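In the two complexes below, chain A is the common chain; its partner is chain B in one and chain C in the other.
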Partner chain A sequence: MAKTIQSPLPGTFYRRPAPDQPEFVAEGGSVAAGDTIGLIEVMKTFHEVTAEQAGSNIRFSVENEAPVTAGAVLAEMD
Partner chain B sequence: MDLTGRSLFIANRGEIAVRINRAARSLGMEVIQAHSEADADMLAVRLADRAVEIGPPAATKSYLDIARVVEAARASGADAVHPGYGFLAENAAFAAAVEAAGMIFVGPSAETIARMGDKVAARAAAIAAGVPTAPGSEGRIEGLAEARAVVAEIGFPVMIKAAAGGGGRGIRVVESDADLERLIPQAQTEAAAAFGDGGLYVERMVRDARHVEVQILGDGSRAVHLFERECSLQRRRQKVWEEAPAACLGAEARARVCAASVRLAEAVGYRGAGTLEFLFEPARDAFYFMEMNTRIQVEHPVTEMITGVDLVAEMIRVAFGAPLGLRQEEIAIDGHAIEVRVNAEDPSKNFMPFPGVTGAIETPEGVRFDTMLYEGYAIPPFYDSLLGKLIVHGADRDEALSRLREALAQTRIGGLKTTLPLFSALARDPEVLAGEVNTAWLESWLQRNIIQAA
Partner chain C sequence: MSVKVIKPGLLTTVQDLGRPGYFHLGIPMGGAMDRLAMRSANLLVGNDEGAAGLEAVFMGPELEFTQDALVAVTGADMPIFVDEVEQPGWTAIAVKAGQRLGFGFLRSGARAYIAISGGIDTPPALGSRSTYAIGALGGVEGRAIAVEDELPIGRASGKGRAGASVPQALRRGPGSPAELRMLPGLYWHRITEAAQKGFFEDEWAVAPEADRMGYRFRNGRPLEFVEREQPFGAGSDPSNIVDGCYPYGSVQVPGGTEPIVLHRDAVSGGGYFMIGTVISADMDLIGQLQPHTPVKFVKVDMDAALAARAERAALMQRIREAVG
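Take a look at the complex of A and B:
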C-alpha cells in the first residue's frame, strides 16, 4: 500500500530550496519521517512540506512549480 | 483635457486594479483589465469593460511577463497602460516597451525609473538637489584609516555596509573604535566572499527612526507635494498602518522635507505620482533620504483623504500630457487620516496566510474600504495577501483614532482570517495613541502581545 504526502496548503509547489540548488529529494529516493520534501509558496511566503513517515522509492505526482490545492497528493512512496 | 472614450489597460490585479478602474471611470475612460488564469473572477475583471487573459497563475508567467503584457495591451487597442504598484510598476524596460508599442505609460519616463531605481544614482540625484541623506563616506572606503576619518566627522554609532550588498545584507552596527578596528577587516573579507567585492561604505546609524514619506505629483516640468505620510508601524519591513499627516513633525520640519522633495522631483523632470521615503530622527530633527518610489503607493488613500486630491486620476491625466491641475498653494491639510492594511493572514498564528472563500462582508457607512473582496470570492494563493485597506478620517488624530476603533468594531469579513484583530489591539495601545513608535516598535510589541483572532 503506497504512502502519500499531501499538500498542507494551497499554493505553488517547489521541489528545490532555491532555483540553483538540488532537489530536496530525487525521484525514486528515500525519506525519513520529518524530512522536507518540498516547499509550498502561499501568498509570497514559503512553507516546508515534510514527510510524516519514512518511505522509499518516492514518486512525485506534481511537477516543480505547479499550482496545487490543499490536500492535493504531492508524492507517493513505498 | 478630455479623456472620455480613451482606453486604459490595467496591468495589475487585486485592490489597486479596482482603485485604478474607479479613477478611469471618473475620467470617462474605457477600462481593459489584464488577468491571469487564476484571476478570471476577480472584482476588477467584473468591473471592467473588457478583460484579457495574460497567462498562467504564476506571476512570472503573467503579470511579470513584459512581452506578454505589452502584446496583450497593444492587441486590445489600449491608449495607455497603468502598471499599479508591484509587478512591473518600477521596471524601466516595461515602461520603454509600452511606449515603443505606441501606447502611453502611466508613470515617469523609463529613464527616470532607471535612474531613481539605482541606489547610488538616486542618492547622487538627491544630494545634487539639496535633499538630506544620511551622512557617511563619499563612496567606497578601502580600509580602517578611511573609516576612522569618516567616523571623526559623523560620530558613533555608525553602520558599515557592503557597497555591493542590498536588502539589509552585510550591515554591521559599530559603537566604538575598538569595534571598528575589529569589524572593518571582517566586513571586507565577508563582502568579498559574499558579493565578490570587498568595498565598504560607512553611514550614520539613525536611532529611534520614524518612516516619513512625501507624496509628489509632477507633469514633467513642474511638481507639487501633497504633504507627508508616516508609516513607522511595520512588520518584516512591510507597512501595516499608515497616517497622514505625520504627527511627529512640526510645521517647520514638514515644510523643510516637502520643499526638498519638490526640488528633487523637479530636478529629475518627474512625471506622475511618486514618493520620496525618508528616515526621520527626532533627536536630531533630521531627515535622511532612503529612496524614491516611482509609482502610486499602497497607502496613497490617506493623502487623498487629507488633501481631497484623486492621485490616481491626476497621474493618468498628466500621463496623457495634461499640465498639473493643481498649484501648491491650493493644496492644504484637512484633518488626519489613518489606513490599516487588511491582509488574509492569521495574526494569532504568526500571520500565517489564509487564502479562502469570502463570506458576508459588513463595513460601516461612510468609511472608505478600498478592497478586492466580494461575497463568495475565492482568494487565490498565488499573490500577496492584501485584501483591502480600511481608511478613516477625522478632524484631528484623536478623532481619526476614535473613528478607526468604531470602524473596526463594525467591520466583519466572513470566512477568512484577517489582520483586523491586530488593528483593534493597536488602536487601543497607549504608545500608539501617544504616537511613541518607531520602525522597530511593532516587531517588539508583537513579541510581547498575543492577538486573539476574531
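Take a look at the complex of A and C:
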C-alpha cells in the first residue's frame, strides 16, 4: 500500500533547500525515516517536512512553490 | 502543578489579553489575536477571562499534565486528543495527571487557544504574561514554548465543570471569502477614486508571511496615487508620509502594492501611509485566517463600526451567560 506524506502546516511548499540547490529528493527516489523531503514556508519561517517512515519510488502530488493546506498529501511512496 | 511540553508545535506562545498602555513607547499591546476565543477558553475552565493560555498557530503542541486539570480548546478547528481519544472543541475537558493533550491536522481557522484551569503562571512582564517574542518579553523567557519546558499552572478556581460548552451558534470562524470591514482613514485621499473603488472590488489573498505583527494581503491591483510633492521629512515613495502613529488595525500599503493590517504585536509608528483601519469587531477574525485565504475588504462608516463593536460585545456577553 502506498504511504503518504502530509503537510503539517498551511503555507508554500518547496522541494529544494534553496533555489540554486538540488531537490531534497528526486521524483522516484527513496527516503529513510526522518529524511527531509521539502519545506513549508509560513510566517517568514521555513519548516522541514520529514518522512515518518522509509519508502521508495516517491511520487510528489504537489508542485514546487505551490500553496498547500495542513494535511494536504505532498507525496506518496511505496 | 505544571504542564510539560512534549512537542511545542510551531511558535506556540503564552498569551493573555495583552499589555495595553505602552504602545507610545513602542511596546505593542500583544495578547491573543482572537480575543473572543481566548476569553471563551478561559471561561470554560473557570478562569478569569484575562488568564494566560496558549496560542497555537496552524499546528497544535503536545502537552503532558502532572496533575488533574480542566482544559478547553477554542478558535481554530483541529482534532483534539487526550491520550489519542478525540475530544470536542469549545468544551471543558477533564484531563488526568499523566495524560497527554495532542492535536491532529488543522481543518479550518488558524489559531487554537488552549486554556488550563488555574491559568499559566509564568511571571508577568509590564502587567501581562503575553509573549512578545521580538522584544523577548513575557511568556516563557520571552520566547515561544520549547520541548521540555515546564509551564507553571496557577491554582484552579474550582468554578469550571467538565462538559461545559460554548453553543455552536456563538462560536466564530472565518467565512470564504472572509470579509474585513474597514473604515477609510486620514490618508484615504492619497489614492485616486478609481483606486479607492478597486481596493474594495478586488479579491485579496492572505500572504504566507502574515504573522502576529501584521497580516499582509496580495493579488489585488496596485493602488494609484494622487500626485503630490512629497512633504519635508517624508520618504520619496508616494506611499511614504512624515512618520506617524500606527493604530492597531491600521492598513498600510507600502509602495501601494500589498496592504498590511497591523495586529497585536505591531510596530507603533513609521513612515507608511494608512488607507484606513479594520474595525475592532473584525480583528479576531484576522487571527483565524490561513495563508492563501481569499479576503475582501468592505467599506463601513463610523456608525457601522460602532454598531459592529456593540454587537461583538453582546456576543461575548451571551457566551458568558451560556458558559457561566
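To be clear about the criterion, the second predicted complex is superposed on the first by the 78 of 78 C-alpha atoms of A that agree within 3 Å, B and C clash if a C-alpha of one lies under 4 Å from a C-alpha of the other, contacts with A are read in each partner's own complex, and residues count from 1 in each chain.
Simple rule for what comes next: a residue touches a chain if its C-beta (ideal position, glycine included) is under 8 Å from a C-beta of that chain, and two chains touch if they have at least 3 such contacts.
Model, not experiment: these values are computed from the prediction.
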Using the superposition on chain A, tell me whether chain B and chain C clash or fit.
clash
One more residue to check, A:Val73. First (chain B), second (chain C), both or neither?
neither
Have a look at where A:Met43 lands relative to chain B and chain C in the superposition and call it first, second, both or neither.
both
Please indicate which partner A:Thr12 is in contact with in the superposed arrangement: first for chain B, second for chain C, both, or neither.
both
More chain A residues in contact - chain B or chain C:
C
Which partner does A:Glu65 reach: the first (chain B), the second (chain C), both, or neither?
first
So chain A touches chain B in one structure and chain C in the other; where do those two contact lists coincide?
9-12, 42-45, 67
So, in the complex, the side of chain A touching chain C is made of residues 6, 8-12, 41-45, 47, 67, 69-71
Which bits of chain B are touching chain A when the two form their complex?
38, 56-58, 344-345, 353, 355, 381-385
Chain B partner, complex, touching residues on chain A are 9-12, 42-45, 65, 67
Flag every residue of chain C that touches chain A in the complex, lowest number first.
10-11, 57-59, 78, 104-107, 110, 208-211, 290-292
